[in-house]
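Two complexes come next, and they have one chain in common, chain A, joined by chain B in the first and chain C in the second.
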Partner chain A sequence: MTTTTPTRPAARTIYPTKKVTNPVLTAVIRHALIICFLVIMLYPVIWMVAASFKPENEIFNGLGLFASRFTLENYASGWSAGSLNFSRYFMNSFLVTVLSIAGNLVACSITAYAFARLEFPFKKFLFALLLGTMLLPSQVTMVPQYILFNQLEWINTYLPLVVPHWFGVDAFFIFLMVQFIRTLPRELDESARIDGCGHFRIFSRIILPLAMPAIGTTAMFTFINTWNDFLGPLLYLNRTELWTVPLGLSAFLDATSESAFGPLFAMSVLSLAPIVGFFIVSQRLLLEGVATTGLK
Partner chain B sequence: MKLQRATFLAGATAAALLLSACGGGTGANSGPAADVPGADGKGEVKGDIAAAWWGGTSRIELTNKVIDMFIAENPGVTVDRQSADFAKYFDKLNVQAASKDLPCVVQLQGRQINDYTKRNVLLPLDPMVESGAIDIADIPKAVVDAGRGTDGKLYFLPYGAAYDAVGVNTTLAEQAGVGTLSEGYDWPEFISYLSKAQEKMPDGVNASNNGGGRPNYFIGWTQANGKKLFNDEGKLGFEKSDLTEYWKMWEDLRQKGVTVTPQQSSEEPTAPDQSYLAHGQVMSDTLPGNAFTPASKTLSGAAPGQALTTLPYPSGPSGSGNALYPSGFAVSANCQNIPTAAAFINYFTNDLEAGKTFASDNGAATNTKVLDAQIADPSMSATKKHELETYKKIVSEDPPTIVFPAGYQSVFENSFKRAYEEVAFGRMSVDQAADKFFDEANAKLGQ
Partner chain C sequence: MSDAPAAKELTETVRPESLGTITDDGPRSARQTRRPKSRIMKSKTREAIAAYVFLIPWILGMILLTLGPMLYSLYLSFTQYDLLSDPRWVGLQNYTRMFTADPRYLKSVAVTLVYVAISVPLLLIVSMLLALLLNRNMKFLTGYRALFYLPSLMGASVAIAALWRLVFGAQGLVNQALAIFGIEHGSWVGNPDDALTTIITLTLWVFGSTMIIFLAGLRQIPKELHEAATMDGAGAIRRFISVTIPLMTPLIFFNTLMGTIHAFQSFTGAYVVSGGTGGPADSTLFYTLYLYQRGFAQLDMGYASAMAWVLLAVLAAFSAFFFWTARFWVHYGDER
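Entry: the complex of A and B
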């Protein structure tokens, strides 16, 4: 939004040579375009929200947002579908997610501190090994993991979904934090050392508070990954009272019989709410993290 | 839906690789031996078993009810229940099979059974039938035979038989003045019926969906014309010229505008209750018999006032073109509690009360006594009754039994659809596509 002056050189020819002078008009046009794009990109989500309020047999009658009548019965029948209801699935999902986030934050930050600040034998090799695990597709480790957890008799518990996070298996987040901690000035560590701090205090008083953006990013992505994880719960949780939200959602679908699309969309809308909420709360931290850690 | 299929494929392929890797260690012939104690299913019915099946919320509830009844009749038995939607179910099953941790009782169909028998992860049920632990007296032979593997042994006991039918929108057919197809109609009659109906279809409605890429339609066509689908080695048993004849028949209809365009075909949702037929956009399509009720329900919302019916597949010189696709329970080779597993399978399939509770939720009840009781039940909906009666008719005409080789579901079904799409989109001639399909299918089938 600059006020144009006639003395400005009109050198660029690919753009219209005569500048629109009215700043209000340019602002209106620009915002109209942005809003159009926003609507196009959000339309599938908007459609899903609208579909959750449609009577069940009218859901797939087109791309429109309105049906013959507005109804809340999808929410009522979806919430109490099956022998259990969705409050149970939400509780389970929250439990798994919170434990996973806690595990990831503790394990990844400690490991990252070690790789970024400590000197120990085979450090380079171990770091390369860690990064190497990122190249392993999860399908490769799926069966061995299943056998292992089965031998430990962890099937039908949350342990296979939670415990790995406490051992820093998410190499990506460790890498993210290592890169972030490396950018922090070492002088801060040294001054803390002069004041008599050991590694634990340097870590907890200096590094952790400064690494908040990276920690926020890790928490956010762990939240999304765990909340949306389907295959893990599918493999390890058999009893319906242990099911997480994605498993509950999937039970609305039945390719060999009748799918309950109305309740499916209604519960999908509800299952998005925590993610959106978490994002709004941690947005500032997250954006800062993305900007300062050079992610993407 | 598309995505689900893609992930299923990826999962199935990955698991197939893993399975074959594991198979190497155990040796091909060291399958489950018959001298395992209790392999005949005789013994005390108590202790834990795990049972797995596919389905959504309503089937989970029905199955749970039956399991609870089974437990009430057999004190001391507990059942760990595992369920997921069809594609996800097999993702999970494949991991469990590769880990030698299959549930004792697993639900399978003929279309996949040999993927598992080939890797020796299932027990043959014949000893249990001989010992009387499992009763097959009231199940028609053609249906029981659908549970056999390529080695001729019985691997799963069909409890519910699905079949494919021709779904016809009777309202549209009447408007077009073509009426209904006569009993025992054949393919040429069916084709001319569709062509005639197209002349009077409303704008944007086609007389038929495109059946060129539908494996089940093709299976029906081969059975009616006396062709063999697979040979004894598990490779394709029909000739290339059969396939080109079948595809040319559909191409002819497509070019005349009787069927939907290939663009429409590729955009169609795969769930039968969301198909074009269920939305009144086509007058006829192949429809799984058990999708008749949900599809009718969708149609009542999408095009109020229109009605559907289902007919058996067209016949031919070799008789009925209706193959049966039963689902049933198998017993895994790693099962430690075979007597209970056998008792459960027998109860689920043959018990009158269990059948009444389950209400043919996954194909018509195969036990004829259970089936008759359901048809006579006044609380059964009219559409469901029609589904069961159509099944009864099909089964009385001695339907063909097809043994599907290993790899059928992951290889045949997908290659078939893809090859026909190449033709419909004009990227290949019918002959080229047939060559491509034969190469792909024969390379991987039976392995």
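Entry: the complex of A and C
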């Protein structure tokens, strides 16, 4: 590393940390910087939450968070705004999300078990295929999938949104689980096998319970992705009574005139609430998942 | 839907194994007529069969929902197809039309390239800077980390895109904040010169996941390396360039690759902010948004398929090139 002569620099840098730095001061500056950044970053969302409780005419009255009075009327009028029906949309979103999560958990975990633990012909090739699909832009399959689901008369049903998850199309989650299962000690499987357990029982009794962190992460990310998904419902759901929350919000936004954003904000806040709620419950797990596998 | 394969697994995998258990017990196994068969069948074969049973859903999905559609989409890209009448073979016409007779297509390419070229590097820089700031054992670290991650959960939602459209509107938060400093600015969303900026800020806002990956990497850099460099007289910047960056190159590589692929496909932000039009003046006409308009609004599915294949080719070429460059700048630890 050193390229200079050995004598002088040694003398100069014996106590390199003697620089005049006050640890308390730097800590304070660091925290202040972080908090500043956080406030600026999250301010639009905080403002939106505050605005959803403001009377309609005060929403665009400046940057402040507080209005003359606190009101829930935005929530009441947004929930049943015109032809839109948010109780319906929330139910629909919930249904699609639950079915997608279930599908992803079943399909991804059994696929991951096979890749992580079993030996079989063409394993390398199939695994390469799996990794390849992780980089595949979804637009390439979007048009033919639409045509396929159209032929099956699945348009205006939830099947196009849910069924692919049951076939493990989310390669990312399979990869996540493979990586996780690989870290589990193989001795457990071996001893179970000696005790006479078959592959399915090793999977369900040993691997599955131990892989709960990876399964939880998958469930959480599937929840977020499905709940937020806009393009899928946009393609497949045309009838308003089938809409999910993102479609409802988008239609609401287009129908809203410049002066009536209160109800829109109220519904936006409600649409984000489940995600944030889940995150608060599970943030440690989720962030470990991001850090170890690079999920977005 | 998947009950069927699951049940199949039960019958196919559990039964031979339970036979095996009984075999170990000796005489009782005589009852089992299939015993010799299961003994003859090598455990390797059984393992392979079990594996393929486990893989049934995935392989079906691979064929029916990924590879099959890919090939069909390649075929469609050489046809004219509107979903109502049969596809009509037109050869390379879709591809030539894209590059010679469709200014909106070229505009969408330009918009997307500008967007990727600006948003991805900025995203990496912001993520790295904040990861460095958070890379200390300090109070509230998990809390900060969680708050920084919060936008990543919401960034893809319609709610946030809708909020962005208002925040950058004529009387939105941004202009009200600028007004405090005496700066007058019109609507960002409504101005062709600024609309893309709006969506880039939305992308940057969602830097949390990238930052957390960097932070995890920074935490794994052995302290001794920094201490040794300090002893050698390296300052903070020198240490960052000579110690931190080289050790972080695998993660920089990963984040750049995923960020770029992701950015090329971004859709919701542009759709919601522009009301589905890609406007004003096509300034936010992202590639995927134009593809959507072509395929699903104008039912020009052959053309949309051709666009998808061009995107795939570009991303594949980019990925291959990027993987090739990795050998020159990505340093893996000694163990690899």
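The rule is short, and it goes like this: the second predicted complex is superposed on the first by the 228 of 296 C-alpha atoms of A that agree within 3 Å, B and C clash if a C-alpha of one lies under 4 Å from a C-alpha of the other, contacts with A are read in each partner's own complex, and residues count from 1 in each chain.
Rule of thumb we're sticking to: contacts are C-beta pairs under 8 Å (C-beta built on N, C-alpha and C of every residue); 3 or more make two chains touch, one makes a residue touch a chain.
What you see is a predicted model, and the numbers here were worked out from it, not measured in a lab.
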Partner chain in contact with A:Pro55 - chain B first, chain C second, else both or neither: first
First (chain B), second (chain C), both or neither touched by A:Asn150: both
Which superposed partner A:Asn85 touches (first chain B, second chain C, both, neither): neither
Partner chain in contact with A:Ala255 - chain B first, chain C second, else both or neither: first
Partner chain in contact with A:Trp47 - chain B first, chain C second, else both or neither: second
Which superposed partner A:Ser191 touches (first chain B, second chain C, both, neither): neither
Which superposed partner A:Arg30 touches (first chain B, second chain C, both, neither): second
Superposed model, chain A: greater residue contact from chain B or chain C: C
Which superposed partner A:Asn238 touches (first chain B, second chain C, both, neither): first
Doubly contacted chain A residues - partners chain C and chain B: 60, 139, 142-143, 146-147, 150, 230-231, 234-235, 247, 250, 253-254, 261
Footprint of chain B on chain A - complex, ascending: 55-58, 60-61, 81-83, 139, 142-143, 146-147, 150, 156, 230-231, 234-235, 238-240, 247, 250-261
In the complex with chain A, residue positions of chain B that touch it: 1, 4, 10-11, 14, 18, 50, 54-61, 64, 80-88, 91-92, 95-96, 98-99, 101, 162, 269-271, 273-274, 279, 288, 290-291, 293-294, 297-298, 300-302, 361-362
Complex contacts: residues of chain A adjacent to chain C: 1-2, 4, 9, 12-13, 16-17, 27, 30-31, 33-34, 37-38, 41-45, 47-48, 60, 62-63, 103, 106-107, 110-111, 113-114, 118-121, 123, 126, 129-130, 133, 135-148, 150, 163-164, 166-169, 174, 195-201, 203, 224-225, 227-228, 230-231, 234-235, 245-247, 249-250, 253-254, 261, 264-265, 267-269, 271-272, 275-276, 279, 283-284, 286-287, 290-292, 294-296
Contact footprint of chain A on chain C as seen in their complex: 1-2, 6, 9-10, 13-18, 20-21, 24, 44, 47-48, 50-52, 54-55, 57-62, 64-66, 68-70, 72-73, 76, 83, 130, 133-134, 136, 138-140, 142, 144-154, 156-160, 162-167, 171, 173, 176-177, 180, 205, 209, 212-213, 215-216, 228-233, 242, 254-255, 258, 261-262, 264-265, 267-268, 271-272, 275, 288, 291-292, 295-296, 301, 304-305, 307-309, 311-312, 315, 319
